[in-house]
Amino acid sequence: MVTNARTMDGSLEPAGKAGTWWFLSSEIPTFGGLLVSYIVLRLGGSGWAEASSHLNLNIALANTFLLLTSSMTIVMAHAAVQENDHKRAAKFLALTVLLGLSFLIMKALEYGVEIRHGFLPGSGIFWSFYYGMTGLHALHVFAGIIVNLVLCIQAARGSLAPNGHRIELAGLYWHFVDIVWIFLFPLLYLA
Amino acid sequence: MSAQSRHYLIIWFWLVGLVVLSVAAAWILPKSQAWVLIFTVAGAKAFLVARHYMHLKDETWLIYAIALVPLAFVFVLLIALFPDFVYHLTRR
Amino acid sequence: MQNWFPENVSTFGADVDGIFWLIFYITTVWFFLTEGLILYFVFRYRRRPGCKAVYAAGDTWRQLAWVLVPMAIIVALDVLIDVRGADVWAKVKLQRPPTDIIVRATGKQFNWEFTYPGPDGKFGTDDDLTTDNELHIPVGKPIHVVLTSKDVIHSFFLPHFRLKQDAMPGREIPVWFEATKPGEYEIPCAELCGFGHSGMNGRLFVQTADDYGRWVAEKWPEKRPTDGDRQSETKSRRSRG
Amino acid sequence: MNDIAQKNHAHGNPRNFWRLYVFSTDHKVIAKQYLGLALFWALLGGFTAYLIRWQIAHPDTEAWGWGFIEPGVYNALVTMHGTIMVFFVAMPLLLAVFGNFLIPLMIGARDMAFPRLNMLSVWIFALASIVLITSFFVPGGAPAAGWTGYPPLSAKNEYTGGGYGVDLWLVALALEFASFLLGGVNFLTTAMNLRAPGMTWLRLPVLVWMQLIAAVVFMLSVGPIIAGAVLLLMDRNLGTTFYAPAGGGDPLLWQHLFWFFGHPEVYVILLPGFGIILEVLAVFARKPVFAYRPIIYASMVAGLLSFIVWAHHQYLSGMDPRLAMPFSITTIIISVPFGLVVLSIIATLWGSSMSFQTPMLFALGSLGVFIFGGLTGIFNGSAPVDIYIHDTYFVVAHFHYTLISNVFFAGFAGLYYWFPKMFGRMMNEALGKIHFWLTFIFFNAVFGPMHLVGVGGMMRRISNPTQYDFLKPVEPLNMFITLMAILLLVSQLAFVINFLWSLLAGKVATANPWRSNTLEWTTSSPPPHENFAATPVVHRGAYEYSVPHAQDDWLPQDFDSDKASKAALP
């Protein structure tokens, strides 16, 4: 009865964390279903590797780097807030937001390049999945950026709850989005 | 810089190193071996992020269950879809 | 209940119905057991002044046996149903007895297109014969039908043969059946396929060997190879109607 | 205790009308908002059912109150009937209404763990409702691709003849899922963190357990269909080819993604229904729930199994036939956990002392009906039998027996039972009994014969059976069913009248009119803004009825026997 003990102390900590994890537990099958569909159709189909070779690996590499780094910066923000240094937390959160934004910008550029080369969502099953998966992922990144931005402002204003618990929750979501990319990157660009 | 921050930084170096490794593998190794390596590396990266950045290492069994049970179901889905789409007896 | 089924005229229809009846008898027994028990309890244990309910929380094995033993029986019956069912499923869907009559059935909004390979037994040659909503087969011979679809998902349903299989665009799904009785039967579509779904209905003519032979002779008269094209055109024109 | 709820209610009970009834964070108000939406949708769903039945019995004649029903419109009606009843009636009623209202009350909490999130989910659901209603009025009309929305039919407008209908339908579903996803997060976190002292996991009322299991099953299964819906939207609007074989996709993919969610969804609806039945039976039979723990474990097993049975909806879909038997086995094995639950419910009745008020009648009716539906499920679960009865009215009859037993009957049992707690007034007993008997008789008269129609081979979703010779024998049955269906719908007036009348002029309810043990009855009816004057302390399980040597035949969960005995001493 681990959780039963928690019943007695009503601090937001366990509630927020449990809630976030439950939310993630429904996000896992969402992307899982997408990845599974991609994998089975690719293994059963043909011409995927050829299509994938038209992707721009360099942009994707840069994006991977950006997202991994943003994951690091947001845990740094969490570490900072645990040491009750909200100013530093705000700095790291701002960094995270910037990294996330540059990820989206790079992604937009990449889309632009592909569309100029005539690779549209309708240009075949690989491109359908490419735009579908990266698009859904980008939406998640966008949502995360907004959350982080709000927390960043709160931390800068010092209006964040002393335990700064929310930064950890935002971090959980942000890391999950990062993990999704960790699998999208090889599936789309390397394989 | 606190011990914790240093720890996070070390994990980050690992992650970056693994990215480089997988890209190198994709260039150097022959396809089949490269794939094995690439996805092992991806798994390792995901593990590092989940365990250290998402603090799974100091979570209770319940959080682990919440994170792992969905993965199990996704795996079931994967297995069940193989006969229909990979072996495709009837697909044109 | 038996007489609600359409008459069965296929070789494996009886097996399918057999499983239906097996399950019917098993479930009927359970139905009367459980519902009867409920009715009895409702009558027997209705509230009476001064008589208190029994405190039985089912927390001892002795009490739990009352639900666990039936569970064991249910498991056994499930196994029985699945084992018997597996054979029938294999017979209908997994094994196909060899045959020389193969027809392609293509679903499209909103009718069935049947294509015969013709005397050369090959599809895509000029002696193919395509008919709309009309399938002629001889009695007592296994028939292979290769199902596909031009647009949406349709379902090839032969109620009198206890056969059903969806026709998928992008897939070629083979099914087989063997008629035991000549006659004219229907081939409805069993999967929602658009506003014309209701009324998408083909005709299956099961003919005696001679009748079928006559039909074949009429569709494929001895032809000179040179003007095969014209022949096939006229054939397909004749087939409309 | 429950600082969370306190934090969120630091300002106490909001005074102004909007914060109190519209944008309220109070789980009780939110539950009532869901109830209103669900009842509205139920009326609409009932009307579609009437039109469908009319067209089947008297094809191409003017339906009273509508006119002629063109085939395209008929498909739209079938589609909307399924969508509405499953996603906009069953789920809000069984999960959102009873879950929101009862979980905090039953575990002794002041409110949900995330009251604002709770408000968000009800408003997302309202938005989903608006979007779905809009689809009736867009050019091309409501979606007509079936409630399962199989592509390619749903993927291209030239196939359905629809316009934006399917797009709006997909958006509405996505929003609805999002709403219940947030709801599930709330349920689970609330039960994990806000249980009153002494309320251990195994003292939770069965209904709470069922709600939690349903929430978990929903949250773990809904992901793939959300992804699938996004893909279908892209196929429709961005020209992608996920489900188009010409472009390398596959229509079968949607069916897998849909049913991977679709079957667990069935149990998401069933389990809370069982919870309601058990709560009501225990109270009116004055007996502890038989085999409380086994019931909970069996429900968990059923929830687990529900993730590996989905392909039994696809035996004939072109799926690899070798997959059929494995899925057939898992499907039929489900009869074991559910059989255990049902037998335990029956065992609860043994040696009891039953009084037959309306909630009890509906609970018993639900049990009786569900057994029939569960047994007919074995026919559908068996792959070979499914070859013949798949996509026939046998299936339709089966899932109406299972779902209506737990939505209609259990739902009504719950409404009649908790109405006093929700609105502070009793419902009319006589009208309630009339409502039950009419519903019970006409329900069986509608869906019992429907099995025969299915055995006769009548396909689902055909608008005109008279077009088929082999369906001639079932035509009289169809007419009979339609007549009974109309009577069934009309007899629901008894409930509507009773509900509205009791709401305004019903007998004022005491705190605990049914002499129940669970915590929601220890506070006033209706409960105050933060539910409990003082957080209750729990001393025992929820079903201590007719305890030997106890002077009364019930022991409320928060009743402190030691203190009481001390007080009894001179």
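Letters are used for the chains, namely A, B, C and D, taken in the order the chains are written, and counting of residues starts over at 1 for each.
We take it that a residue touches a chain if its C-beta (ideal position, glycine included) is under 8 Å from a C-beta of that chain, and two chains touch if they have at least 3 such contacts.
Owing to the predicted nature of the structure, the values given are computational and were not obtained by experimental measurement.
Q: Any chains in contact with both chain A and chain D?
A: B
Q: Compared with chain D, which chain's mean CA position is the farthest off?
A: Between chain D and the rest, the longest centre separation is with B.
Q: Just give me the whole-number Å value for how far the CA centre of chain B lies from that of chain C.
A: Those two chain centres are 45 Å apart.
Q: If you average the CA atoms of chain A and of chain C, how many Å lie between those two points?
A: 48
Q: Calculate how many whole Å lie between the centre of chain C and the centre of chain D, each centre taken as the average of the chain's C-alpha atoms.
A: Chain C and chain D have C-alpha centres separated by 32 Å.
Q: Approximately how many whole Å separate the CA-defined centres of chain B and chain D?
A: 37
Q: By residue number and range, which residues of chain C touch two or more other chains?
A: 168, 170-171, 173
Q: Quick check on chain D: which residues sit in contact with 2+ other chains?
A: 220-221, 223-224, 245, 250, 252-253, 260, 318, 322
Q: Considering chain A alone, which of its residues make contact with at least two other chains?
A: Each of 3, 18, 22, 25-26, 28-29, 32-33, 37, 41 in chain A touches at least two other chains.
Q: Show me, using the given definition of touch, all chain pairs that touch one another.
A: Here the touching pairs of chains are A-B, A-D, B-C, B-D, C-D.
Q: Would you pull the chain D residues touching chain B in the complex into a rising list?
A: It comes out as residues 220-221, 223-224, 245, 250, 252-253, 256, 260, 307-308, 311, 318-320, 322-323.
Q: Which part of chain B faces chain C closely enough to touch in the complex?
A: Against chain C, chain B makes touches at 90-92.
Q: If we count contacts the way the header does, which residues on chain D are in touch with chain A in the complex?
A: Residues of chain D touching chain A: 1-4, 6-7, 113-114, 117, 181, 184-186, 188-189, 192-197, 199-201, 219-228, 230-231, 234-235, 238-242, 247-250, 253, 257, 260.
Q: Looking at the complex, which residues from chain D come into contact with chain C?
A: 70-72, 74-75, 78, 144-146, 150, 152-153, 159-161, 245-246, 250-252, 285-294, 316-318, 321-322, 324-325, 328-329, 332-333, 335-336, 339-340, 342-344, 346-347, 349-356, 364, 367-368, 371-372, 375-376, 378-379, 382-385, 387-392, 452, 455-457, 459-464, 467-470, 473-474, 543, 545-548, 553
Q: Flag every residue of chain B that touches chain A in the complex, lowest number first.
A: Contacts found on chain B: 2, 4-5, 8-9, 11-12, 15-16, 19, 22-23, 26, 34-35, 38-39, 41-42, 45-46, 49-50, 52-55, 60-63, 66-67, 69-71, 73-74, 77-78, 81-82, 84-88, 91.
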